[in-house]
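Consider the two complexes below, in which chain A is the common component and chain B and chain C are the respective partners.
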Partner chain A sequence: MSQTKHIEVDQDFIENLCDEFGNREGTVVQILQRIQEKYGYVPADALDMIGEYLEIPKSKMYGVLTFYSQFYREPRGKYVLKICVGTACHVRGAGLLVDKVKEELKIEPGENTEDMLFTLEPVSCLGSCALAPMAMVTDTAYGKLSPDKMLGLIKDLESEHLSASEPA
Partner chain B sequence: MVKVFVNGVEVEVDSTSTILKAAEKAGISIPTFCYHPRMDPAGSCRICAVELEDSKRVVMSCVTPVSEGMRILTESAKVADARKTNLELLLLHHPLDCPVCDCGGECPLQNMSFSYGASDSRFESHRNDEVEDIKSDVLVFNSNRCILCGKCVRICDEVQDVHAIGFINRGFDTVIGPPLGKKLDCEFCGDCLEVCPTGAITDKFVRYQYRPWQLEKTKTTCTYCSSGCQMNVETEKEAIIRVTSSEGEGPNEGSICAIGRFGFSHVQSTERLNKPYARSFSRLVPTEWDFLIPELSEKLRAIVSTGPDRIATLVSPRIPMEDAYLIQGFTRRVLRSNYIDSGARYGFMNAAFPIAKSTGTLRPMVDHQDLLKAKVILVIGADPTAESNITGLFLKRAIRKEKARMYYVGSESVSITARAKDHIRVLPGGEGLFSWVLSEEISCQESGRHPEFLSRKEELFKSFNVDPQAYTRLVQDLREAQTAVIITGRVFHRLQFAYDAMESLIRMSHALGWIERDGCGILPLPETGNDLGVLMMGATYEWLPGLLDSQDSDNKKRWESTWGEPLSYGKGGGLREILEGINSGAIKGLISFGENPLSHFSPQSGVREILSKLDLLVSVDLFQTSLSDQAHYLLPAASSYERSGHVVSVEGFVQSLNPAMTYWGESLSDGEIVSRLSECMGHPVSSRLTSDVSKEIFTLMPDLSPSTRNGEHFMGPTGNLILPEVVSQPPHKADRNSVASRLSEKTKSVLSPIFPESIPGEGEFVFALNKSLFHSGKMTLLDTSLMKMESSALVRINRQTAKKLKIKKNEMVLIENSYGSCTLPVELTSGVTENELQVPYHFDSPDLLGLFPRELKYSGPCSTVTMLRTRVSLKKIE
Partner chain C sequence: MLTEVLEDSSLHLEAHSSLPVIHIGMATCGLASGAKALHELILKEVASRNLAVKVVPTGCIGMCHNEPLVDITMPGKNRVSYRNVKPNTLTQILDAHFNKNEFAKKYAVCQIVIPGAEAFVGLPLMQEIPFFKGQVKIVSKRCGMIDPLSIDDYIAMDGYEALKKVLSSMTPEQVIDEVTKSGLRGRGGGGFPTGVKWNLTRKSPGPEKYVVCNADEGDPGAFMDRSVLEGDPHSVIEGMILASFAVGHAKKGYIYCRAEYPLAIKRLQKAINDARERNFLGNNILGSDLSFDLEIKEGAGAYVCGEETALLASLMGERGMPWPKPPFPAQKGVWGKPSVINNVETLANIGHIILGGGDWYASYGSEKTKGTKTFALTGSIKNTGLIEVPAGTPLREIVFSIGGGMVEKKIPFKAAQLGGPSGGCIPTSGLDTPVDFENVVSAGAIMGSGGIVIMDEAACIVDTAKFFLKFTQDESCGECTPCRVGSKIMLDILTRITEGKGQEGDLDELVRLSMYIKSNSLCGLGGAAPNPVLSTIRYFRDEYEAHIRDKRCPGTVCNDLIKYVVIEEDCTTCGLCEPVCPSGSVTWEKGEVAHIDLTTCIRCKACVDACKFRAII
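For the complex of A and B:
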């Protein structure tokens, strides 16, 4: 598993965010979600900044952050491969998809590839059991997958990344 | 009121009461883990289960309210079964390592498991096997022993308002600890350690060093600050192992701060003086009391025989009333001198003198309970959490639970300012002017105001950045509030015009009718444990015991008849007059009881040279200090953990000190040293026993008889009640009627305006010395535990200023002015104004006092020595 450097959090971004939500009951989850939307995870520095700006105790925010599985405390890859391992997908071979990714990318569930391109994340149910076995990357769902199709998806994403990073 | 039956016993309780409270009233005890009387109920541990006879249901007694005719069974078979099952669930992760656990022997979980026979769990599941979190220097978190009752998290949130620890993760994986997996960073009050019902939180300083049942407990009063905390000093073989508190006991109700709970290692350090020393050929050599007392008496007698007022004494405001009483008696009767002063001269006198002058008492008008009832609280120039921790806790409770509106007036942010309704920022130096303007606005009709009022008010808004709207809200609130309290503290008392500022506040409280109205008044925070006590005992040149004017012939006569000998002392004086007297050669001898004037002046001020003119300098102290280099005699004093006596708290309670150890080495209490000298000089004392001196004081001044909060809890070292009749304890607060009759004639109606200190110019900074949360005076610098919490000085700089000067955290800066310079690492904060630098005053290096003016400066009619602020420039060291 690769450990990449934590990114530097933009102070102005956090301050604008804090101004938008303010220190009211129940804003912590939304603030954390917005931070994760931008950075892919919630950096520890961000908690320090919010804590100081809004005077919300860090211990309380950290409690929220660790309570919900939707939040990540470590940087994650550009493409998060959410592979459903719920009942229906499991029956139709979700395990084989996970194994294929593990073998191809040499990562364990929850880990990132060294180039920070992929993260493997088995999830419990994506709500489209008719398409089992299925996976989701960013906001796109891929249904009726097989290990080979999974491999193709990974290749597609890799080339998408390459073309995006090439100068126009 | 509703009637309920607990195990058949009928009790009548308030309709909002819970079953647990009803049972308590019926004298029936229900086991609890997560319940705590000072916090909101959580209902998380499920051990307080009881059965309702009618519905056969099992409910949690700590969260279930009573209803009319409810029949409750607290020990039925069903209840025992429920508790047993709950215990098995609580023990799910528990390693059952009682034999190596510090909590073993005083563990409610252990006791409960023994009572209900559930020492192991039937449930097999994923068992937590977390490694202990030993990152902190103070506390160890062992999450496997934790039953997640949440008491530690709640006391940190609800009582301390620090929020240092929280629940982490969810479900089975939940643990308790500081956020982000970092080292615990908090006020280290140790309240979480105190309330933890298992060994999940343990004290790292004494881990594995004791078994609770082998410790001997002594109940005594903490003398670091004036909160008057009741604490249990637990010793084994004459060594203090730990300090604990008992829930609900004393003014602190079970909370103690970091200094009180962890700061005792210095009194048993090898640095302690264990023998008296006498100077012989420029060296201090150990000697014996039996040689020393006659020799010293002879020297003193020789000086006294040349006339009155030739010898001065200085008294530490940490020593008990009894010792202060004996020292002032010795000074006035035996040494025939009125040159006597105490550490209250370093600031607190600026509050004490005007208050005592106008009200006739040093007992406060309001106490902590009044804070809880107050609608409006004005905190000005004070950091209650650091100066009187328990006052800080009650203040937080008043704001959080009682919704009091708190206004904070001052330049800096302290821990409580975030809770203020308005933090009225005044640039440093404007606090005095603020008090005068506020007082003038409220006390006088528009036509009767001082001609300079409007221009001064304008100056406050324009030059000192006071927000006019917040000011108007404060004026409005003070006028309308039925109950209001003003808290003043160290910064306020050390202002250049603190005396006048305090007079302004007194006049204002008079004008607002606060004197007659219960729950209103000023609460000045003394700086150390017994400032009030030593002043009441007359350890100051202004007053004889009982705050009687020392120059008044009637007062003199009264004490002459009490002591049975004539008093022939002269005018005398305080620290200023003493130093002047020594310099002019009029004063030949100085005895310092735990005081060190050198640590309150700039090293270039010439105090050392002045002291070198003395024929006789005696220093009585726990340790060698900078004064010892010059002392002719260095005498070892007993610490407050070793002596008995009484101290007066900020609320006016007179509480007892009880010895937890015998005197260290050959040390003696200050009172005993004085009694021996007195006897040897031909003035026998009636008794050397402290208890006899206490009796004498309480007979002469019956209103000073012992008193405490929650006296019913207060037990002596052997378990006997120290206060035999709790109900008849004397009032600790000032008597409003006598104050009212006195005040109407004593308050000045016209007060001339207070001049603010000048505003720092471009590139100039105000350098302020403040009190740390982890140190008390300089003595605690020898404390290994407290030094782990704060080991060196950091300078607090405003974040924006640092950004401008491109200074980052922990970088070194050079602070200098025409008097001196020093280098310090930086701590960034938004808590100070942009042109202010703050440093804790305790540390000896670097030389902070060297930045202060070299001339001996005194402020106000009381000639106080304040050393609060100076002007400097700031440079980053490349």
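For the complex of A and C:
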């Protein structure tokens, strides 16, 4: 797994966020969600800043952060390949999709590719079981996949990235 | 029955429209099948043909296997439903309706009756086709029929009528009586009578109360709530307003929705904003003394949060750990105040019950489970999708009539998995089980929230049990030892069995551990975790024994137990296995039995999966 440099956290952003949510009860989850929305993960520095600003023990913030599977403590790839491994997808071969991605991108579940383009994330049910096996990439659902179609999807995303990064 | 339900509410929508309407299914299942590109294409076609039409995106009508679905309604005619619509078929469909004044028979599934409209000859009605014949749509009535983003569409199909009725002519006690009379029980799987729950919350002292909607639909293989949230979000909102009124004017409500449902959250937020604008939410709703508002709380990925006390902890920004009951949420819930927690489907039923009456609702269903239940029908079955049937409908009818039987004709039914990780498997001998709360439990599973995954003979029962144990083990919050450690030991044993290292006595040990975990876990997650193992040992002991004693996997799923040998008698010499082999180990000549060279075979299973005749073991 590639070791990526962590992002520098914007102090003003954190303080504004704390001002918005801080005076209301039980908003730790929401604050973390907003941080992740901005940075793609929750940097450790952000956690320190909030803890200090709102006087919440770091242990508590860390406890909440690590409890939920959708919070990430490390930067993630541009395209997160969420492959559903729910029951219906499992029965219809979701494991083969995961294997294909592992083989093609040389990453294990939870890891990023060196170029930070892809992250492999097997997830529990995405609720489109009738189209099993399926996957979701940046909120777009892809149904009735096969290992070959999965490969095609990766290629499509690669060329999408290339054309987006080319100067106009 | 379906005719009655549909016509009764009548599709005023199209009846009012003098323009042709094109509906396109754009719930997650539709979108995953390419509905977005199709929607753009429809808009382009409409513009280039210069057509005066309304193009309306809808939710899910349930026929997920037929997505993307496009419906066309010409003024004065019934609505025609088209399946698996592709760019080239779309032009033919539009030609048929707009140039030739007919319908495209080749791609049409059925026609949906619009009162007073002319029917097409030679096309079955929706309620006549096998998929819909046994269904009764109450809670999913509007799904796929209306534009979920339009509050006017909702209102045109009796939306917010129940709220008006309650505010103008009913007392909170009368509302609770009506819900009690309907016999409605918690649709999230708990099955607790909703009327009783509401009454408990109403009787709890204190002026400050909360209404919470549990939209943390976490069971793998279940998507009923997603369909309702994406297809008819206002029905859930209306149900929550009615609950607020009934439990004693709760001022605030929360919808706790899992983060895996981005589209549902988006549509729900739009619906809340629109409802506020029309004063269905906010202060002094419709001029009454009821004030109620809603907030969506997005989950962060923890299955245990579907358990109500864990959900409350998460809602309050904590780790989602359950607490022992009592106190029940009806006594001490959000911020320590009395709170009523209902599941999406339960709440979406309330408006219909208030309008139709408790007796009407209770006229459907079985003795102890009244009304209808939605199910997500998936797995190795032909018609996968979302269905709604009267409680007590036999499993056989669901699988073979509505579901259309097995997807691979040659591979027979093995088991139906009901209730997800808390449920169990029902074998062929249990196909006549009426699907309601009590009967499914007697058969060794639970009705649960409504996920039904069909498995054929090519599935492995031990692998399935291992799958669910792995799931609960991953999702165990770790608070209590029986669940945290017990499920891990069970998973280790099951893994060993699937790897061919099973020992005599493993089954007894699994049963012993199961009993211990069931009786000593803190919450429902641990208490039900061993169910998938217990039910499969009960019905499929021989399959476990085949793994343990013969080191053989009858479903040819467990890779370590596959011998990669072609059975001559079963091989049809079709040759399907040869081209899929990546290492060139399969040799085959036309008319000859295939052969696998085990010295070069990399045991990838490609040939096993390719063989339709299960001739490679």
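By our rule, the second predicted complex is superposed on the first by the 166 of 168 C-alpha atoms of A that agree within 3 Å, B and C clash if a C-alpha of one lies under 4 Å from a C-alpha of the other, contacts with A are read in each partner's own complex, and residues count from 1 in each chain.
Here is the rule we go by: a contact is a pair of C-beta atoms (placed from the backbone, for glycine too) under 8 Å apart; a residue touches a chain by one contact, two chains touch by 3 or more.
Keep in mind it's a predicted model, so treat the numbers as computed, not measured.
Within the superposed three-chain model, A:162 lies out of touch with both chain B and chain C [touch as defined at top].
Once chain A of one complex is fitted onto chain A of the other, the partner contacts of A:47 are limited to chain B, with no touch recorded for chain C.
Look at A:57: by the touch rule set out above, it reaches chain B but stays clear of chain C.
When the two complexes are overlaid on their common chain A, residue A:67 makes contact with chain B and with chain C alike. Greater residue coverage of chain A by touch, when chain B is weighed against chain C, goes to C.
According to the touch criterion, the shared surface of chain A, contacted by chain B in one complex and chain C in the other, consists of residues 63, 67-68. Looking at the complex, you find that chain B touches chain A at residues 153, 156-157, 163-170, 178-180, 418, 830.
Residues 25-30, 32-33, 63-64, 67-71, 85-88, 90-93, 96, 123-132, 134, 139-144 of chain A are the ones that touch chain C when the two sit in their complex.
By the touch criterion given at the top, residues 28-29, 31-33, 64-65, 67, 217-223, 226, 259-263, 297-303, 314-321, 335, 376-380, 384-386, 417, 420, 451, 453, 455, 459, 464, 467-468, 471, 474-475, 477, 609 of chain C touch chain A in their complex. Looking at the complex, you find that chain A touches chain B at residues 44, 47, 52, 55, 57-63, 66-68.
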